[in-house]
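The chains carry the letters A, B, C and D, assigned in the order they are written, with residues numbered from 1 in each.
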Amino acid sequence: MIYTIKEDFIQNDLDEFSTWAESLELEYKIVTLKNKYYLVTTSSSKIDITKYNNYDLIFNDQVSISTEYQLSTRKFQKSNTIITISEDILFGGNNTVMMAGPCAVESEKQVMDTAEFLVKNFDIKVFRAGAFKPRTSPYSFQGLEKEGIRLLEKVRKEFDMKIITEVKDEGHLEAVADVADIIQIGTKSMYLFNMLAHCGKIDKPILLKRGFMATLKEFLQAADFIMANGNPNVILCERGIRTFEPLTRFSLDICSAALLKEISHLPIVLDPSHAMGRSNQVPLVAQAAAALEIDGLLIETHPNPLEAKSDKEQALSFDQFSLMMSKVKNICNSVNRKLV
Amino acid sequence: MIYTIKEDFIQNDLDEFSTWAESLELEYKIVTLKNKYYLVTTSSSKIDITKYNNYDLIFNDQVSISTEYQLSTRKFQKSNTIITISEDILFGGNNTVMMAGPCAVESEKQVMDTAEFLVKNFDIKVFRAGAFKPRTSPYSFQGLEKEGIRLLEKVRKEFDMKIITEVKDEGHLEAVADVADIIQIGTKSMYLFNMLAHCGKIDKPILLKRGFMATLKEFLQAADFIMANGNPNVILCERGIRTFEPLTRFSLDICSAALLKEISHLPIVLDPSHAMGRSNQVPLVAQAAAALEIDGLLIETHPNPLEAKSDKEQALSFDQFSLMMSKVKNICNSVNRKLV
Amino acid sequence: MIYTIKEDFIQNDLDEFSTWAESLELEYKIVTLKNKYYLVTTSSSKIDITKYNNYDLIFNDQVSISTEYQLSTRKFQKSNTIITISEDILFGGNNTVMMAGPCAVESEKQVMDTAEFLVKNFDIKVFRAGAFKPRTSPYSFQGLEKEGIRLLEKVRKEFDMKIITEVKDEGHLEAVADVADIIQIGTKSMYLFNMLAHCGKIDKPILLKRGFMATLKEFLQAADFIMANGNPNVILCERGIRTFEPLTRFSLDICSAALLKEISHLPIVLDPSHAMGRSNQVPLVAQAAAALEIDGLLIETHPNPLEAKSDKEQALSFDQFSLMMSKVKNICNSVNRKLV
Amino acid sequence: MIYTIKEDFIQNDLDEFSTWAESLELEYKIVTLKNKYYLVTTSSSKIDITKYNNYDLIFNDQVSISTEYQLSTRKFQKSNTIITISEDILFGGNNTVMMAGPCAVESEKQVMDTAEFLVKNFDIKVFRAGAFKPRTSPYSFQGLEKEGIRLLEKVRKEFDMKIITEVKDEGHLEAVADVADIIQIGTKSMYLFNMLAHCGKIDKPILLKRGFMATLKEFLQAADFIMANGNPNVILCERGIRTFEPLTRFSLDICSAALLKEISHLPIVLDPSHAMGRSNQVPLVAQAAAALEIDGLLIETHPNPLEAKSDKEQALSFDQFSLMMSKVKNICNSVNRKLV
């Protein structure tokens, strides 16, 4: 349940209300979003707040939401959330934003060559690459970390690109937020509720990847976690779920992506590279994603995929990337979207 | 392993070979496909047939295939299998064939109205509807059965449409084969090996739906079952797999579909209706499917979805279908395919 | 909804009722179980039969069941269904029945040696082995078929064992029913609704294996299919479900097995061999299964597992089987069950 | 690959080696475990360290391990790792350690009552309860946090129990380590590689829960992460995996648990409460777990389950717990294990 708090509410009234609510063991959170105030309770709460004797002093109206995700739904906000990264990059309108780059920052040459390729040939505006890499093996390359951040900063300045990069854990959040225009929360971090809460207090858009075994309910609850802490700019990213099929890395759940467009007002982007896990098929999957009328695509490309230090099976060569771009562009046009 | 048998082989030589092979407990099958003869063994067979002293009398060459599916792979046949239903309907080239109609045949009016709508407005050439319905509940409508077959026959004659309809078990195979231009094997029948074998002996194209629980390996082995019994005309249909996500009926596994295009020479079609299970999102999913450059689409539509006797949640109204068609057509054009 | 029909109902009254019901498009089935008559409708049926003006002439009372499985639930029958195979073998009481033998009948020596081993050392009373094998590869051994049935008949006579064997499809049902004391429906056949219906008309207990990707709802609906056609003697078998884990063949879903004991009155047995798929761990899994207080176990054992023609990875050697038996017996004792 | 470093190695030699290794871009880690030194590379590393010209100066021998998990395997250490919590509590021998208590610390009365019940009636030695709760909803109770830690400290002192409690993220690690005798890493944190690394540097046993979406490979890699940072005392906990079945909360993967006993030397415990998610069936599942000859059980119990602030569906009442204990004890005895 979401209760809209009056804009001119008096703090004292709210404090009194809180005393009352806590005496009833109400589970709730006061949320500030775009300068408006809300009180949100769990959807299954049995306490009828409208019975509070000074209810009218504090609240305007209430939105009854029966699901366990609330702020991220169209019941809370009918129209699309539009997130503007720059004048010509926006999520939630009719752009499909191409975000491309290597899996990990490996060297100056690698990122600069890739950025140059993307900008010169396709005028791509958002560069993706990880400086902190969450790797399942303790013996593997864990990312260039701070040096990686510095190189992303260089890409940003030299090519005037926007940067999306992943935060692996809370300890790096500040360092990442310094350089990133969009902060990415990876699939393995989707349940990190404290980090989600921190991201809610940051003034940067957050691209939240669905946990590869998270239900849509849990995915939207994670989005709620960020929003409930004050940040309305959440981009949902479907990146493949784990299924019983061993021949593909994951299965890109386009049925869920299609459903998200109906139930959530947040922008939605897809990540064909991680879903597919095999470069040969990434372009076809990207085509399908583009036809879903989504707000963006994340694609891994590398100057020399065979020598990539992570995810080398799925990175497109520059040739593969170029072929994909022309097809994806045509598809975007055919559904009246602009590929930027 | 596939061994190509010489066209002018002498039966006596083959019989002698068989005696030898069986003495070694070789597991094999003699396959006739498009008037050519092959001997196929399991991929893991350790018996070296080339050691047979009269090997050269019988065999031309061998194809070493390490997977457990063989005849359906591009190792056996590089170029696409093209299946011609009529002059203007073919699978495996650059057509995307729209196959539309209700889930089940319910009444004469229902099928005739639907067929008329499809033909008059969109010149759709293949009508889909089930006469025998595999229903999980013993207390539910099980299909009109023989009367349903009769009505499909009527659609066929009156509208000059081709018919695709499902065979539920072997007992109905003959009745279905009489009216169907394409025989559909449903997702719950994919492991019915005896029925697959029977379909291998029929001179009609078989649309084989992937079991919603089947790996790609098992899916292609099922295709092999049909081909190994003599029928080269198998159409693979991806229709969604079961995952942990409860909000969608199934997850349309587009990563697998993309991979199938690489590893198999057989045509591939997608079934957005059963995968999604909710009519509102079926058009978007159909768009994504079309962008995958697939050979066909199966879409459920019904004159009055709310009153459908099965799958009513996923059937498109005629209005929804019409909107979908224009988008899907544009997408097909954008990837240089013709929607027929 | 289940409506109990009066024992002395008059057929004419029922016919009149049927006319009324069909005019309302009621989906229902008249069921005879243990000489009692029931009318069963889908659980979601909106037609209120009690409104029929001669309701009291025909019906005694009604059981309102909100799930889509009905006859198999404790709402329909509170007490356990007890299935008596012979004086000393019963399912549903406090026996845990060991059913052991090879995956497939391969030769006379193989089955006779195995049966002798089982009887002489452990007085095992039920022999399991398949004559018709559902194999995913068309090039593999498909079972000895009729010759296999003959060999099972021999085991039955010579060792006075009861036989459980699988029916692969309807065509073999009669041949299998001739020799089997318990007819097994395999995991890949659970959705074969016509075969389930036929098994409902046979006077032999049916061991129904859960489809490896079937929900409990679908599993119990399949049991309902058999019961709705007249056969009350269904044994549920949990044999492992397909998950994302590649290192085990399947995952034995003991949470579901535990839940089945609460919601269904039917006996429940477990199949550790197929779930685990690796002989080394089968005994441990069998121990866990025995501790669940289940009604029976299916275990694969073979005189020479390495040379088994199917499922060789999971068959226990006689030594492994012997070690397992003593542990499983102790566990059965510790939960007050008798291993027979 | 694991290379054992000589006990009397000279640091200078190792530094020289490192320079050589890094010039080849070798991915490796120097590991100290129980005062021995190892160099571990990724299993797929193609660099042959034995070719280093001073190899014999530094290394004793090498263990070639082809899986991506290494330190946690029996290839690295044949015999069981035994973790001694106190004189009478050990994991890895023939004890099955019962760890019981409520899901979350809610109040002083709640934890003290529960602890008293457990100690007085069953002499249970390890108390489980969470102070920091990872909750999917931002509007729900998130645990008493520091106050919860204080209450656990009180249980510890008053009842002389050992404490196992969960660390939700790195920020709380120190606070948790102060009071916990065993630190629990929850299922949603299994991929938190930085936290795993920190736990590797702590001198407390770590109970690592398998991510409900994690393969055994990833699970053991996570254990490797802890061990590779210096902590050999890792207890593996199987707590249920997510599958397609909606009626149970998770599926307890006993096939994987059985397999872990073969491939890993680390102790293994099971958590029937979280797997099952319904209190009625938890005792049965606990029985099955005990029969698997595992090293411990985690069971949730609460003085008044209906009023529990989290996981109320799965907490056992004291009566349910008592009944379970007698059965589980019998089963432990029957497999020659001591329930402590």
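Definition applied: a residue touches a chain if its C-beta (ideal position, glycine included) is under 8 Å from a C-beta of that chain, and two chains touch if they have at least 3 such contacts.
Small disclaimer: the values here were computed from a predicted structure and weren't measured.
J.: Could you tell me which chains make contact with chain C and chain D both?
T.: Touches both chain C and chain D: A, B.
J.: Count the C-beta pairs in contact for B-D and for B-C, then report the pair with the higher count.
T.: B-C
J.: Report the inter-chain centroid distance for chain A and chain B in whole angstrom, where each centroid is the mean of the CA atoms.
T.: Taking the mean C-alpha position of each chain, the two centres sit 38 Å apart.
J.: Mind checking the centre-to-centre distance between chain B and chain D? Centres are C-alpha means, answer in whole Å.
T.: Chain B and chain D have C-alpha centres separated by 48 Å.
J.: Please tell me the distance, in whole Å, between the geometric centres of chain B and chain C computed from their C-alpha atoms.
T.: 31
J.: When you check chain C against every other chain, which residues touch at least two of them?
T.: Within chain C, residues 213, 242-244, 246 contact more than one other chain.
J.: Along chain D, where are the residues that touch chain C in the complex?
T.: Spelled out, the residues of chain D in touch with chain C are 213, 215-217, 240-241, 243-256, 258-259, 261-262, 275-278, 280-281, 284-285, 287-293, 327, 330-331, 333-335.
J.: Taking the complex as given, what residues does chain A use to touch chain D?
T.: These residues of chain A touch chain D: 27-29, 40-42, 68, 70, 134-142, 168-171, 188-189, 191-197, 211-214, 218, 221-222, 224-225, 228-229, 242.
J.: Over in the complex, which chain D residues touch chain B? Could you list them?
T.: Interface residues on chain D, with respect to chain B: 242-244, 246.
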